[in-house]
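One structure is given below, encoded as structure tokens.
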Amino acid sequence: MLDAFPFFADVISYWPQIVRGLRDTILLSATITATGLVGGIGVFALTLSSKPSIRYLTQSYISLFIGTPLIVFLFLLYYGLPNLGVTLSPFAIAVFGFTLNVSAYNARYLTIAYKELDPAELESGRAQGFSRFQVFRLITAPQSLRMSVPALTNQAIQNVKDSSIVFLIQYIEFFAQMQEVASRTFLFFKTYLFTAFVYLLLVSVVVLIARRLERRLAIPGMSASVGS
Amino acid sequence: MALLEVKELVKSYGGRSVLDGVSFDLEEGESKVVMGPSGCGKSTLLRCLNLLIEPTSGAILLDGKDITRPGADVRAVRSRIGFVFQNFALYRHMSVLDNVTLALRRLKKLSKSEAEDRALHELDRMEMAEKRDAYPAALSGGQSQRVAIARALAMDPKVLFFDEPTSALDPIMVREVVTLINRLYLDNVTILCVTHDLGLAKHISDRVVFLDRGKVYAEDRIENLLHRDDPVIEDFFGGEG
Amino acid sequence: MSFIDILLTLLQGAGYTLLITFSCAATALFVGLGIAMARELGRTWTSAILSAWVYVFRGIPMLVLLFVVFFGLPGIGLDVPPLLAMMLSLGLISGAYLSEVFRGALAAVNPNEVLAAQAMGFTRFETLRLIKIPQMMRFSVPGMVNELTTVLKYSPFAYTVGLPEITKQAMALVATTMRGIEIYAAIGLIYFAIYRLLLSAVRLIEKRYRIPGFAEE
């Protein structure tokens, strides 16, 4: 396969770095997608709280993270936490920062889906005797999640792409490795073109998985409303 | 002792009272229909009786125990009352069978096979057993309502509440559902039904509780009500009967 | 340096942030509309090429594309100034996303109205101009707002190619004062403020162009 791209041969000769970089990019992307999803569900649950103060705080949090650049928050953590005596590895900072950010977006997508739910179904759940938590777990969450699959998978794709910014807080992943290769070989155009191509491949893999997920998780009789 | 006794039930929002002292009884095996003009409080009444809405004052006795008292077991109350909604409220992300077994498995803690047996028994009664794997979106209104009734019956409730069960259906489906509820009525299932459908009332009620502006205006057999010389009642029925 | 001093210093960079945001947004609008129109009026094979283009530009990270343009192109003889590099990366990517917004909006136009126009004798081009595009624009408002705020949120990366926008100012300040928390919190707030301002501005414009009786999305 490597021989099929003689144009990139110079770059590909650095394959150990490429592989290491890819491993770290995939590790980071997968981690933040998972934590961002769990976090998103949690934040979404909070938006449905019976206490107005919790709802207000949660909405403010969502608004804040959707309205500010991710990189600024990462810088805040990276440069600011040491001042508070907290030392975290770049990976930890990246995961923490991304999780807060991605959770806000996912919570927003779930909330949009939630608006399409039939309130009578939730009332029926209560009428059957299910507790508020059970109604959330058995009806609200499954329906909201399944209706948000396109938006949530889009977010996963975004996570793969956004993982490329973490070199700015000293986490060495694929893009960082490629920058190093570029500066060593002076083949900037080729190297970065190759980088773009690899990201496109990564994204395509996620797109394929996403399409299959969408088919399997769609609620029969309903088209997904969010993000398609 | 009646199965359900409602005493001076009041529900007000701010200064406005939707229910202004409603009282009536429901004996086991009896079937009553609640009717009245819009805004008379009928839907609120049903929802107060299974505590979906908290009453402002008054007492509701289920099997002799006042369920409005603090510390009442809400879950137990709701498992003894089957509730069928106007728009069926089937869980759209689950199959018909799963809709009926959900509460059996999660609330009554039945095993999967026990729950499915009970569910299929009730679905069969409603003639919907063959649609067990279908999803709500694929069902007609009449079919959906039948599944909703099966779902309510599966929990073995002491009384079935109906909130406008035929209002969302076209005339053919209305007949379908009226026939089924009538069959339950003839089986002596205890029924409390809110509706404005006179045909339904005629087929499934022993007595009609006529509400007007939050109060019980009259309670009687439907034929007697229709023949009463009363402006409010005549206004509602519009000269039918 | 008090917090206010910090804010004032940072606000100097805000001008550049707005410049970058609007340049890239304008590019995106131009490109997005162009692609959407080309797909509407074109042949199957042109649509296929454009679909591929859109897929590619939605599949690569903005920072990577920026590096390809700014650091890569000089290697093959093309020197690109920083702002143009931003427009050719963030602008093109956002344009690809916008073209999808427009595609969806175009599909949402009531086909009966299109048929009515054609029955009246309007050409394909005229129907596009008089019926489809006006409605498409109104349906696209949420998507356009979303893209605009996204452009704002990716504008900080302009500092990597030397543009002195807010984030660059912040980094310089942090280097001298070591007050990372305050400074980055401050620019977070500034970005958030710009974000809210943009949202409000759009709401106002939307109100002005509202069609009476037309159901809001």
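Each chain gets a letter, A, B and C, in the order it is written, and its residues are counted from 1.
Here, a residue touches a chain if its C-beta (ideal position, glycine included) is under 8 Å from a C-beta of that chain, and two chains touch if they have at least 3 such contacts.
Values in this document were obtained by computation on a predicted structure and should not be read as measured data.
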item: Which two chains share the largest set of C-beta contact pairs; value: A-C
item: Reference chain A; chain at largest CA-centroid distance; value: B
item: Chain centroid nearest the full-protein CA centroid; value: A
item: Centre-of-Cα separation between chain C and chain B, whole angstrom; value: 54
item: Euclidean distance of C-alpha centroids - chain A vs chain C, Å; value: 21
item: Computed distance of Cα centres, chain B from chain A, in Å; value: 46
item: Footprint of chain A on chain B - complex, ascending; value: 50, 52, 74-76, 78-79, 81, 83, 85-93, 102-103, 106-107, 135-138, 155
item: Interfacial residue positions of chain C with respect to chain A in the complex; value: 56, 59-65, 67-68, 71-76, 149, 152-157, 160, 167, 170-171, 174, 178-181, 183-185, 187-188, 191-192, 195-196
item: Complex contacts: residues of chain A adjacent to chain B; value: 118, 120-121, 123-131, 134, 138-139, 142-143, 146, 219-222
item: Chain C-facing residues of chain A, complex; value: 64, 66-73, 75-76, 78-80, 82-84, 157, 161-162, 164-165, 168, 175, 179, 182, 186-193, 195-196, 199-200, 203-204, 207
